[in-house]
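Listed after this line are the structures, all set down as C-alpha cells.
Presented sequentially are two complexes of chain A, the first with chain B as partner and the second with chain C.
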Partner chain A sequence: MAKTVLEVRELTTRYITRFRESIYAVDHVSLKVDEGRSLGIAGESGCGKSTLALSLMGYYFPPLYYTSGQIIVDERNITGMDPDDVRKTILGNEVSYIPQAAMNALNPTRRVINFIEDVIQAHRPETTKREIYDMARERFELLGLPPEVLEKFPVELSGGMKQRTVIATSVILSPKVLVADEPSSALDVTSQKMVIKMVMDLMEKGIIKALVFITHELPLLYNVTDDIMVMYAGQVVERGTAQETVFDPIHPYTRALMGSIIVPEAGLRGVKLAAIPGTPPNLKRPPSGCRFAERCKYAMPECRAASVDLHETKAGRAYRCIIPEEDLRRLYKNEQ
Partner chain B sequence: MKGYRDYFLKKLAWFVVTVVVAFTLNFILPRLMPGDPVAAIVARMAQGMSNATGVQAVYEQYTELFATDQPLLNQYVIYLRNVLNGDFGYSISQYPRTVADVISASIWWTIALQFPAIIVGWIVGNTLGALAAYLRKGFDKVLLPVSLFLSNLPAFGMATILLVIFAVNLRWFPTSGGYDYAMVPSASWEFVWSVIVHYQLPFWSIVLITIGGQAIGMRSMAIYELNADYVKYARFLGIKDSKIIRYVFRNAMLPQITGLALSIGTMVSGALVAEIIFSYPGLGSTTLSAVLGGDYPLISATTLIITFMALIAFFALEILYGLIDPRIKAAQSG
Partner chain C sequence: MNSDSIILSGKGVTKVFGFGSRKTVAVDHVDFSFRQGEVISIVGESGSGKTTLAKLLLGLESLTEGTIYFEGQQRDIRSHRQKREYWKNIQAIFQDPFSAYNMFRRIDAVLLDCIQMRGGGRLPYEQKVAMMREACSFVNLKFDELTNKYPFELSGGQQQRLMIARVFLLKPKILLADEPTSMIDACSRATILDMLMALRAEIGMTPIFITHDIGLAYYVSDTVYIMEHGRFVESGSADEVILRPKEPYTRRLLNDVPKLHEEWDLSTV
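The block that comes next holds the complex of A and B.
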C-alpha cells in the first residue's frame, strides 16, 4: 500500500470577522493524498477552496482560526505543534504553497534570488549564498526557466513568467506536498497550459511527492489530477477519481457544475450551459439541512430537515446526499 | 546597468530643461515690465532715499546689471554671468546691502532650522506610523487621533500654541528672534546658548507638524503593505516575521521619501509661518519683507533660489528612486 503523504481529518476552521461573526469556510473536511498521487479540489467561488488550502498547512493567523480536526503530514500530526515550529519545519519545506494571486505573490522590491535566499535560510540557516544560487539555478533550469530570471525584480517579469517563478520558488526545497491554489486561472490560454504542464512536471520529475490542485473549473481537473474532491459551502459534497467524478458524477451539484462551465475539450468546446441557478448559502448562517437544497432540482422537504452525512460507496467514492446513489442515477437517466 | 543609465540621462535632460526654463522666466519677467525696468526699480527705490548721489549710483549699478542698452542675447549672457557670480545687485528695502549679502545672512538660519526639523520629524513620524500599523490596538488608538490633530493644525496654529504656552505663559523660551537682540553675534558660549534657546519653539513647531503628517502617511502605507499578497506568500513559505516586516517597511517607506524631498525642496516657504510668528531671521521672513517692501531684486533672487531648491530636490529624488525602487525604473522604461 502506498504511503499517505497528507491526511486531513474532519478539519474545521473559521474566519472571525470584525463584527465577531464566525464564518465556517472549512467545515469538517477530510482528505487523503497518497505518495505519487494528486488531488483536485473544485467548487464555485466562495465555497472555501482557498481557505482549505491555507487551513491544511496547519498555520493560522487572523482572521482565520483553527477550530477542530487533525492534519497529518508524512505520519506526523502537526495540529498540536507550536506555530513557530510549523513555520520553520513544515511551511515551504514539507508542505508548500502557490497562492491564488501568484501575480502579486513576490515582493516587488526584492530580486528573485534574494527572495529564494530568504526562503531557504528560513529552513536551513547554514546554507551559503553560493549553495543557494546553485540550487536555484539548477531548479530553474530543470523546470525550463531561464536562470537570468533569478537576477530580476518581479516587476521586470511578464505575468506568465512571474507565475512560473512563483511555482519554482515554492518547490525550491522539494516539499512533500504542494498546494496549488488556482495557479493558472489568471492567465491566458497559452500560459495556462504552460503552467499546468509545469505543475504536472513537478510530480513527474520527483520534485514533489503529492499535489493538491485547486480550481473552480471542474472539467480542467480531468486532465490534471488523479482524484477529485468537490466542495460546496465549506463542505465536501463528492469525492472520487477524476475519471468517475467528471464523467459519472453522483451528487446533483457535481453534475450541475459539469454543465455550468465552458469545457475546453475539443468537441465540447463552446457548449456553454446555463450557470447553476441561485446563489450559495451565506456561510455565516448556513441552512440546517442540505446546503445545496435551495438550488437542487431534486430537493424534497426531507432534504431541509437535518444535516446530511457524507456517504461512502462500495467503489470507494463518497457523496453528501440523502437520495441513494442508485436513485440519483435513475433520476439522471430519466432526464435524457 | 544600462537601463539605469538611460533612466538617469532622461531625468538629467529633464532637469536641465526645467532649470533653463525657470532661469529664463526669471530673466524675462522683469523685462516685460512696461517702460525701462531699471528706471522703474530705481524710482521705487528712490522713494525712501534722500541722497541724490545714492540714487544715481543705484541707477548706474542696475543699468550695468540689466544691460538694457544691449541686445537681448547679450543681456541674457550678462544675466547668466551675474547669477553665477552671485551678483543680484542691491536690495531696495535694505540698501546699501547687496541682495547676495541679505540672502547669505538669512539662508543659513532657514536651513539650520528646517533641515534638522524635517529630518527629525520625518524619522520620528515614520517610526511611529510603522509601529502603529504593526502593533495596532492601543498604540494605534492613541497615535492616530493625535497625528490627525497635529497634521491638520495649520502651521500658524501650532506656532501660536507653542508661543502662548511656552513663551508667554511658562516663559521657558523667548518669544521671538534668532538670538538675544542685545547680543552681538560671536563665538561665545552665551551667544550659542542664546541661539539654542531661541531655536526650540520654531524647531518643535515644524517637527510636530511633520511628525503628524508623516505618521499618518506611513501608517496607512504600512497597513496596506501588511495586507499585500506577498506578505501572505512569504509567511506560507515559512519566512520569519522579522524578515517580512523588513520587506513591508521598506516598501511602505519608499513613497514616504517623496514627502521628505518635497519638504526639503520647499523648505523656504515651509519655514515661512514659523519664521514670521517667531520673527526668526531666516529667508522666509526676508522674502516676506521683500514682497511687502516691493524689493524687486531681492524677490527675484529668492524666487530663483526657491525654484532651484525645489528642482534639485526633485531631481535627486528621482535619481534615488531609480536606484532603490525597481518599480519606478520598470515603469519608466516601459
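The block that comes next holds the complex of A and C.
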C-alpha cells in the first residue's frame, strides 16, 4: 500500500464578492494522491480548477476564504494554520505551486540567482549565498538546464526557458507536492514538451513525491498523469485513471468533453466537433439539482430536483449522475 | 483549376526588420497562392514568422520585397482610402480578444460600425437592429443582453464569438484567424471552430488559419503550409502534409503534440 502524500477531504472554499455574495468555487472536493502518482484535473474555464489549485496550498487571501474540509500533506493537517506560518513553512517546503504565467514571477531587474536567493532565504533564512549557489547549480544540472542561466537576466531568456527556470526554482526546496496550473498553455508545442519533460523528470528523479496537474488540454493530461478528475461548476463529476476517463467516460459531461478533443491523427478530419451547448451555471446561485442538467442531453425532470452524490463504482473510480452507470452506457451505445 | 479562382497570392514576399548586423529576415521570399473557398492553415513555431506574414497579408506591415496579388490584381494599398477598400475584403481575428476591442465603446456600437462599413449607414434603425440580432444569434449570443454592455464585461469565449459576429456582418472575402483559439479552453474551442466553419459556408469566405497547433490545422484545413525561419518548408493537402510528412521539421512538430493513440515520446527534446 503506497503512502498517501496529499489528501483532501470535503474541501470547500469560496470567494466573497464586494456585494457580500458567496461564490463556492470549490464545493466539497475530495481527492487523494499517493506517493509517486500524479493527478490531473480537467474542466472548462471557470469550473474551479485554478481555485482548487490555490486552495490546495492552504494559503488563503481575500477574496478567497476557507469554509470547511481538510488538507493533509504527508500526514500533517495544514488547514486552520496561520497564513504567515503557511507561507513560511508549507509553501515551497511541502507544497509548491506553478501558475500559468509562472515566467512573470521573475523580477526583470534582477539576475535569476538573486531571485533564487530570495526564495530560499524566505524559507530558510540561515542558508548562505555560497550554499544557495551550489544548491541552484546542482538542481539546474540535474534538470538539464544550463547553469549559465543563473547569471542571466530574465529578458535574456526565451519564454520556455523562463518557465523552466521558475519551475526549477519553485522545487528547489524539494516540496512533497507540486501543483502545476496550466504550466505550458502559454507556450508553443516544442517549449511545451520541454516543460512537460521537466515536470516528469521531477517525479522520476524523486524531487517531488506527488503531482497535481491542471489543464484543459485533454490529450496533454492523458499523456502526463496517472489519474484524471473532471470538475464542473466547482464539483467533481468524474474520477478515474487517465485511460478510463478518456476512453471510457461515464458522466455525460466527461463524454461531451472528450468530443471536443483535437489531435492530428488519421480519421479526425471533418469529424464534427461536439461542442457542449449553453454555458456553465452561475456559481452565485448554483442550481439545486445536478449542475450539468441544463446542458445535458440526457437530463430528466428528476435531475433538477435534488443534488446528486458522487457514486463510487470501484476504488478510485467515481461519477456524479443519477442515471446508473449501466443505463448511461446503454444510452451511449444506442447513439452510435 | 483556373487562375480566376486564386483569391490571394504572393511572389517573393519578404519582410526584413532592422538593418546591418541587426537585420532579421522575418519572412524570407515566400510564394503562395490561396484558392477561393479553401481553408488554409499556416503552421509554425513561435518566431517562425507566421504572424509577420499575417500582418503583411492584412497590409498592416509594408513589404520589404515582393508583391501580393489580390484577385489577380497587384495589391495597391498606399493611400488610406485604398486600405479601407482592401479591408472590406480581408478581416482578421486575433489571439487575444481582450485587446481587440475599443474599451470605451459599447457592443452595439462595435456592431453598428460593421454595418456602416458595409455601406449600411443609412438603413432604418429597425433594420440595423435586425441585422445585429441575426449576427448575434449566429454566434449564440443574446443581443438584448449585450446592447448596454462593454466588451470587458464578456468572457474570453464570448468576446471571441462577438468577433465572429463582426465578421458575419462585414462579410469579407478572406478571414485571417491568427491563433483564434489559443487563449480559450478546449470546449469553447470546439464551439468557435464550428462557428467559423458555419460562417464560411454562410458567406463563402476563404479562411486562413495561422496557428502553432498542428492538430487544429489538421482538423480544419484543406491546405497546410508549414513555416520555419520565415520560409515555407512544406505545403500540400492536410492529409498529405500531416499524415505523411516529408520534412524533418514537420515531423518534429507532429512529434511534439500529445496524442491519444500514439505514445508521446518525451526523450526527443
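Quick note on the criterion: the second predicted complex is superposed on the first by the 323 of 336 C-alpha atoms of A that agree within 3 Å, B and C clash if a C-alpha of one lies under 4 Å from a C-alpha of the other, contacts with A are read in each partner's own complex, and residues count from 1 in each chain.
Heads up, the rule we're going with is that contacts are C-beta pairs under 8 Å (C-beta built on N, C-alpha and C of every residue); 3 or more make two chains touch, one makes a residue touch a chain.
What you see is a predicted model; the values in this text were computed from it and never measured.
Chemist: For A:N334 in the superposed arrangement: first (chain B), second (chain C), both or neither?
Modeler: Neither partner.
Chemist: Looking at A:T128 after the superposition, I want to know if it touches chain B, chain C, both of them or none. Which is it: first, second, both, neither?
Modeler: In the superposition, A:T128 contacts neither chain B nor chain C.
Chemist: So in the superposed three-chain picture, is A:A275 touching just chain B, just chain C, both, or none of them (first/second/both/neither)?
Modeler: second
Chemist: Does the superposition put A:Q192 against chain B (first), chain C (second), both, or neither?
Modeler: second
Chemist: Please name the chain, chain B or chain C, that touches the greater number of residues in chain A.
Modeler: C
Chemist: Could you tell me which stretches of chain A are touched by chain B in one complex and by chain C in the other?
Modeler: In chain A, no position sits in both the chain B and chain C interfaces.
Chemist: In the complex, go through chain B and note every residue touching chain A.
Modeler: Spelled out, the residues of chain B in touch with chain A are 228-230, 232-240, 243, 247, 250-251, 254, 324-327, 330-331.
Chemist: Which residues of chain A touch chain C in the complex?
Modeler: Residues 44-46, 159, 187-194, 196-197, 200, 216-220, 222-224, 246, 256-257, 259-266, 268-269, 271-276 of chain A touch chain C in their complex.
Chemist: Under the stated contact criterion, what part of chain C meets chain A in this complex?
Modeler: 45-46, 155-157, 184-191, 193-194, 212-219, 238-239, 242-243, 252-254, 256-262, 264, 266, 269
Chemist: Which part of chain A faces chain B closely enough to touch in the complex?
Modeler: Chain A residues touching chain B: 54, 57, 59, 61, 87-88, 90-93, 96-97, 99, 101-102, 104-110, 115, 118-119, 122-123, 153, 155-156, 166, 169-170.
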